[in-house]
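In what comes next, subunit A is part of two complexes: it sits with subunit B in the first one and with subunit C in the second one.
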Partner chain A sequence: MAVARAARSGLNGLFAVYKPPGVAWFRVRDTVETLLLKELNSLEQPVVQQQVRFVPTTVEGNAGKELTLVATQLPVLAAHPLVRGPKFTSLKIGAGHRLDTKSSGVFVLAVGHGNKLLIDLYNAHLTRAYTVRGLFGKATDDFSDTGRLIEKTTFDHVTRDKLERILAVIQGSNHKALLTYSNIDLKTQEAYELAVEGLIRPMEKSPPLITAIRCLQFAPPEFQLEIQCLHETQQYLRKIVHEIGLELKSTAVCTQVRRIRDGFFTLDNALLRTHWNLQNIQNSIQESKIKVKLELQRSLGYQSRSGKRHTDMDQVAESELQSTEGTFASNLTDKMR
Partner chain B sequence: MALAPLLLAGSRRWKRLPGAQRELLLRGLWGAPPLPGLVRGFAQQARPRGSREAREAEDSAPVFQYVGQRAKRKERLFVWGFCHAGALGIPSFVKPDAGWKKPRRIQPTPYRLETAEKISSAACGYGFTLISSKTTDITKVWGMGLNKDSQLGFQRSRKDRTKGYEYVLEPSPIPLPLDNPQKTRVLQVSCGRAHSLILTDEEGVFSMGNNSYGQCGRKVTEDEIYSESHIIHRLQEFDGRVVQVVCGQDHSLFRTEKGEVYSCGWGADGQTGLGHYNITSAPTKLGGDIAGVNIVQVASYGDSCLAVSNEGDLFGWGNSEYLQLASITETTQVNVPRYLPFKVGKIKDAACGGTGNAVVNEEGNVFVWGYGILGKGPNLMETATPEMIPPTLFGLSDFSPDTHVSCIRCGISQFAAVNNRGELFVWGKNIRGCLGIGRMEDQYFPWRVTIPGEVVDVACGIDHMVTLVKSFI
Partner chain C sequence: MAFWARQICVWCSSVKTCSVANSIQRLRKTHRTWMQLHQHSALSLLCSDNHFLQCGLKTNRSVSLGSHLQSTNSSNGQIRSSENNLLSPVNDCQQQAEIIPSSDTKTLYEDWEDTPPSSALEEISEEEAVQIVAEPPLPLESFTLRDYVDRSETLSKLVLLGVDLSKIEKRPNAGQLLLRMDFEKDIRKRLLFLKDVGVEDNQLGPFLTKNPFILAVDMEALETRVAYLKSKKFGKEAIALMVSGAPFLLSFSVERLDNRLGFFQKELGLSVQKTRDLVVRLPRLLTGSLEPIKENLQLCRIELGFRHNEIQHIVSKVPKILTANKRKLTETFDYLHNVMGIPHHILTKFPQVFNSKLLQVKERHMFLTFLGRAQYDPAQPNYISLDKLVSMPDEVFCTEIAKASVQDLEKFLKTL
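== the complex of A and B ==
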């Protein structure tokens, strides 16, 4: 019992799992909850206590069968798990930024007291990074390759150079939107300094914004992009792929959306399906505890000190925590160590 | 069936048939059993399709081609700024095409100007614009905007053949008196306050407009009336071929192949650089520190001038009231070209504005000095030595580390920079929306202008701008 309670107290914090594609996010959350509960309940060995009871039984007496009380040892069933039920029936597991059914990648979950941190994490407005795979040549109604076909076009005129030109324009106009939605008075010296350092970012609700986009692979008809964005949804990224196709005077659909970073949780921190057990999750919570505490302290500190301050929390934390903001995906593993 | 010919005759007979007979007719004629009382024609009922059928339908779908494999990128022209003088070249801004529409005073964002030919050079003056094409057709230069000093040549009025237009609302051809109109090409145009210069490859420089200070390079005639004037003066008295013409506010600069600079026009601020403060009416060679130096670029727009040598050195002369030349002298007018010993590296491009100057060095960094909104926030309003604008403001980031500025242009109190990715950045005083950023406020640091294309060149004027743009695909 003590073991189980100790284990349960270790389960308070944030951790990341790898959500596979084709599965809804709440099923992942439920699965994790079920597995954890199963393990927690199996940790406890039911100690069956015995008691001495005087039980009326028939005994061979002088004149046939007589009813006498005999002391027998009986188990106490009041505390038996089959009577009471399992010790742990539910765990409070909350989800961070959700992933839709077709996409995969890093999915942050919070357990126990960590759920309170989720709100703070949302208010920190951290960016996320995705790798998005696309296919030239067709357009569908839901911008993915499983939708209803709308049109097929040629794409032999598309070159890597043209694609990068379009990506540069997307990045430029989104960079401009970043500055506009941050609600800073552009006539101040402060705004100039923040713009120079690249620290401006909206800290309130804003439309989806792309902070960086670049082409990782180009092999027509397939291509792969890395997108770092803010306040986005996966369907928005699919729409971006569709619009890139239109800008190139062709069409494109999105075949895969995979989140490689959510704030400061990267693919290295995300637990695979085979690793969804108590020990791994506890280790993961422990590892991310320090990072989370520092990160949110800074965010709350900044926000309380100067109203709603529009600084990039990741950039600020980068110097100390070797965060992954603005770095290439290939250098992620080096930076994380 | 006997009733069949009745159908073809007309619908009235059809309607008089009783319902059951109509139904029978339908079934007989069309074979497939339709819904009772409903003619479906060729439509088929919707039914769930298997994945193989869906794949086959997708494979057999037609493929559309919007652009060929070797499609060329199209050249476009975008304008924005103050519209009332007609300098933007879109007549509906000044005279709307519907009675209920109001004339547009300012065009705050880039607007496409359709031109007949591919434009290779554009220049903005004080309320007028010149655009030119390197074609061998008869019409090579078009002008729009203010024409009160004949800076756009003589634009014959259609109502009265003896008078000319004072405001030209549409790009109108400027007839040049060329010897070989079907062979000569116009290389560059330049506009000043009330005069303009056109550079051709074989026939020298043509000047038109106001000549009260000799800026057109011909003798000043007293009481000359410049409006509705037919005079287009040809300047050929240069030693060598002229390769660049620059118009200041009331003076003109000419740069020849050999690297020499000639000037004429008003000199009260020393902007002619000829050692005196008088008017010069014939192009005269400059001396001073640029004598013997191979100059590769000259820049001017207001009353001060800059020249760049082939080794990347910078020379300046003219007005220095706004600290443009304060690093070498205390005087406010410099009438002889002087070397500017700035430590900014080898200079590739220079631009002179009304009160501020800017240069771009080999690495693509922008340096600004002078007075006014220089681009480093509201705190930096004047400086005598060049200050670098951080390259992150021009699009440099971890994801694109090789972004740098490739060219810089100046208007009277605004700057425009184009980086190597074809993005346009503007900053400065937003006079009547000339920055094109969609807002009317001044911009204290470089701000991206959203243009649907890759910017090739920019021309800045007092209150409007013109950009030459290539489409993306």
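== the complex of A and C ==
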């Protein structure tokens, strides 16, 4: 009983799983919950409660046999596990930014008290990184390769530098939109400081914005892009692939959308399906606790300095952004000036 | 005796819907029986089982509490309550519920013919004092069997046998049935019968958890059904396996069992011995409905395109296909046949792939394609058989079939 309770108290926080493609996100959440409940219920040892009762029995007394009350310890069956059922019947597991059925990747889940942190995570408006695979030559109705075919085109004229030119145009227009939706006056010192650190981004609801996009592989008809974005949906990314195809005077469909980073949860932190058990999840929660605590402390400190903007987990995320993007952060600051 | 009457009134006043102390007529009728009760109760307490405390109060009527007395003091007295899972009052006495204050009881009892009652301040002997059992009263209606298990001998013995009461109480009418039964009279005979049939001791608990209603079936009916199975040349071990595997089997009538066996013989066209083996392996074929099985057979024939002899072979090897989910079966077949390119005759040779998780098959196939080892044609070199693809755990699969490490597999899975 104590072991199970201790295990349950260790299950409060955030952790990331790797969602496989072809599975709905709520099934992943339900599967994790069922596995955790099964393990928690198997940990508890059946201890039958005893109760002291006074039972009238015949006892050899002074004047022959007489009836007295004797204290005996009897088991209380109402507390038996077969009568009261399993100790843990549900766990509160919340899901972070959702992934649709066809896409895969890092999926953040919160257990118990960690659900409150999910709200903070959402309000921090951190960016997410995806790898998107596309295929030239086809156009379908839902922009993915499993949809109904609408058009087939040639793609021999498409080269890598044409693609990269298009990507630069996309990034530029999205960057302008980023600045407008961030609601800051570009002529202030504060704006300059934020831009130097790369922290300009909208802190309220905005349409999907791409902060960085680059081509990882180009082998016609296949190509692979890495996209860092904000407030996006996976279908929007597929639409971007379709529009890239159109801009290149050909057509393209998206074959794979895979999230590699959600805030500061990366692929290394994400647990595969074979590792979904109590011990691994507890370790993962423990590791992320330190990161989350650090970010919240930093954000509270930053918030006290500039009252309007509350940036929670910006700085580590943005530094990760810079490390993955390479030259793009400096491009951002160049365009600022 | 009047002392008892007072006790019962005090007890009743603490209960919400009290119907024992309702009307004077009832009190008059029951007064004499309480006299006998007193003597009986003393004797029965003396010979009571030490393990289970008995409530000292017994009433003669089937009231909303539903307790009725065992007039003979031979066996242990027990309180049996008849309550439903739904909260509904059982008796018409409920409407006349009144709480008679103790000050009025004296005036009431004065009307009776028998000896006047004694007051609570009267001195009583040690024996009587010891026999006063002030247990809290049982709830009249409850949604759980937890409230009754300590006071009911039947329920306690069932728990010690291994029956999961928390699952039984979720079924409508099952908890009610168990409370009404008497362990010595009804349950013991049937448990011994099941043991004769061949159900193991440690299996009796889970058996009753799944099918508590077998305790309400007639002994003759049970014996007829087992005799019928024996007449169909099922061996003793076979019958034991069937009964343990499908707890609802013996709740079915002989005609129904006959109907089902006939259906399988006709539809599948297997020999009698093979049909018997099939049914022994998956006894729930006889207890489920036949419509899904007919649809599955049609699916295999028309949509999946298996020939009749292929279906016979698959079903005798993996009977679960008959009860499998049609959508999952179609998806698995679609992936195996169209994406992996495996022809029908190889699928017939390894039907256990239909039993496995599609996600696992997909992941392993994609890993093998990535490594360049996805060869499922027996004629070619480096052939990988389907049963090894699905049945092995990850470590064995990686080292022997894929010739890679488990970390490689994990890294690959994170790129999907």
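The working rule: the second predicted complex is superposed on the first by the 265 of 337 C-alpha atoms of A that agree within 3 Å, B and C clash if a C-alpha of one lies under 4 Å from a C-alpha of the other, contacts with A are read in each partner's own complex, and residues count from 1 in each chain.
Simple rule for what comes next: contacts are C-beta pairs under 8 Å (C-beta built on N, C-alpha and C of every residue); 3 or more make two chains touch, one makes a residue touch a chain.
The model shown is predicted, which means the values in this text are computed figures rather than measured ones.
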So in the superposed three-chain picture, is A:T153 touching just subunit B, just subunit C, both, or none of them (first/second/both/neither)?
first
Taking the superposition on A as described, I'd like to know which of subunit B and subunit C A:E247 touches: first, second, both or neither.
first
Touching A:E193, do we find subunit B (first), subunit C (second), both, or neither?
first
Taking the superposition on A as described, I'd like to know which of subunit B and subunit C A:K176 touches: first, second, both or neither.
first
Partner touching more residues of subunit A, whether subunit B or subunit C
B
Provide the residue numbers of subunit A that touch subunit B in the complex, in ascending order.
137-138, 149, 151-154, 156-157, 162, 165-166, 168-169, 171-173, 175-176, 186-189, 191-193, 195-198, 212-214, 247-250, 326-328
Would you pull the subunit A residues touching subunit C in the complex into a rising list?
18, 20-23, 53, 55-58, 66-69, 72, 74, 76-78, 80, 82-86, 104, 258, 267, 270, 272-274
Complex contact set, residues of subunit C against subunit A:
45-46, 50-51, 53, 126-127, 130-131, 133, 145-147, 149-150, 155-156, 159, 162-167, 359, 362-363, 394, 410, 413-416
Quick check: in the complex, which residue numbers of subunit B touch subunit A?
57-58, 61-71, 376-379, 390, 392-393, 395, 397-400, 421-423, 441-445, 447-448, 450, 454, 472-473
